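Going in written order, the chains are labelled A, B, C and D, and every chain counts its residues from 1.
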Amino acid sequence: MVQIRVEYFAILREHVGSAHEALSTSAATVGDLYEELDRRYAFPALGRLKVAVNDEFCDWSTPLQDGDMVVFIPPVAGG
Amino acid sequence: MVQIRVEYFAILREHVGSAHEALSTSAATVGDLYEELDRRYAFPALGRLKVAVNDEFCDWSTPLQDGDMVVFIPPVAGG
Amino acid sequence: MSHFGFKRERFDLAPHQALLADPVAGAYASFEGWVRNHNDGRAGVLYLEYEGYEQLGVKEGERIIAEAFARFDITKAHCIHRLGKLEIGELAVWVGVSAAHRDAAFAACRYIIDEVKHRVPIWKKEHYADGDSGWVNCEACAAHAADTPPLK
Amino acid sequence: MSHFGFKRERFDLAPHQALLADPVAGAYASFEGWVRNHNDGRAGVLYLEYEGYEQLGVKEGERIIAEAFARFDITKAHCIHRLGKLEIGELAVWVGVSAAHRDAAFAACRYIIDEVKHRVPIWKKEHYADGDSGWVNCEACAAHAADTPPLK
């Protein structure tokens, strides 16, 4: 089990109803974490999500470590 | 003979030493006028000149008419 | 030195543009994104809300501008993106690039705005006159939900 | 309505940019030409003098902008060119274009500045720190004088 923090933005923040949460999880990777949270929240289908750990983009296979801050990134729409 | 006015800009103005002059000429076209004035002033070689009559670009074969205002246009360099 | 930033309130562009001045620079190209009253063929946009993941957004924005310096012969470049509630006509994003010559200034300006729109984690929620609202891109994605797995 | 103009003195761009605002416009692309301290690989430019054939210049500038409206899906477009003595760093020319989308704004802005530089009767005299001076383009042409007849 690792202790992590998840931050939510935009459509995911509205869906979850919170901008962040602290979690204990047995998920091995950020991909596993997404699936765990998807089971809990039934995230809206958003096409290709990206993911960041500790304010850097990373692969879905990135291992979770204690203290990580994870953000799932819906399709962006700046400009 | 027609009575016309010639205006000079930039390198031609400096070469002639005046921004404009009134002329009586027997030149039939603006091209003929250029050659007449070139004999008088020995214009610097400027590559492809353009010419305007009465504030519109025109061909070198344009006939001169009484009251015309003629401008020879050296290569431009705006911007 | 910072080349990319977020602003939560309206701001004056003039001092930011002034930072791009340089005696060697003969060309300045800029782009401004303004909030318009329509999107994807639908009229009646009342206002937008921009939300950003700022810590990552600034890093990605700085990377984009570093790429522009590597690709194009430019003198200076900056980008500022607004966050928060924006009314029709308000400035949402500004890109400014100075260079000795205009080819590089135009190309770099275009590169930066294109990459910022595709890569910087910023989201835009439209609010329509009829009371409808939605996150741009996300709603379209949801329409194709059955086609694509959520994870690439 | 006038889309192209000359200014004999320094001027504030802000009111001119403000004229390009429009609720349908989501994109604004601009170009500014600034007086730089070098040209054609030669350093030491002190200042420039711009001279224009204004009556024809305004007509040709208006034609160029009309062409841009015909070619690109743009909302508004303006161009202002300075005349007179300009110091290093001063604004020599400004082109501003607003459009619903950025492709058209960029393309039209580039079209207008390229055509203005090639077609509008404006001449530029460089003054160098060593006391030398010369009309840009004309001196280069003179160097090839033997090759080309003066009349096309």
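Convention: a contact is a pair of C-beta atoms (placed from the backbone, for glycine too) under 8 Å apart; a residue touches a chain by one contact, two chains touch by 3 or more.
A quick note: this is a predicted structure, and the numbers were derived from the prediction, not measured.
Student: In the chain contact graph, what is the shortest path length, in steps, from chain B to chain D?
Tutor: When the steps are counted carefully, the minimum from chain B to chain D is 1.
Student: So which chain is the furthest away from chain C, centre to centre on CA atoms?
Tutor: Chain centre farthest from chain C's centre: B.
Student: Which whole number of Å gives the spacing of the CA centres of chain C and chain D?
Tutor: Computed value for the inter-centroid distance: 27 Å.
Student: What is the distance in Å between the mean C-alpha positions of chain B and chain C?
Tutor: 50
Student: Distance-wise, how many Å sit between the C-alpha centres of chain A and chain C, to the nearest whole number?
Tutor: Once rounded, the distance between the two centres reads 24 Å.
Student: Can you list every residue of chain D that touches 2 or more other chains, as numbers and ranges?
Tutor: As it turns out, chain D has residues touching two or more other chains at 33, 113.
Student: Give me the residues of chain A that touch two or more other chains.
Tutor: Where chain A is concerned, no single residue meets two or more other chains.
Student: Could you please write down every pair of chains that are in touch?
Tutor: The complete list of chain pairs in contact reads A-C, B-D, C-D.
Student: Show me the residue ranges of chain D that touch chain B in the complex, using the header's touch definition.
Tutor: Touching chain B: residues 33, 50-53, 55-56, 59-60, 81, 92-93, 113, 116-125, 135-138, 141-142, 144-146, 148, 150-152 of chain D.
Student: How about chain C: which of its residues touch chain D in the complex?
Tutor: 14, 21, 23-38, 88-89, 98, 100, 102, 105-106, 109-110, 113
Student: Of all residues in chain A, which touch chain C in the complex?
Tutor: 7, 9-11, 13, 31, 34, 38, 43-50, 52, 55-57, 60, 71, 73-79
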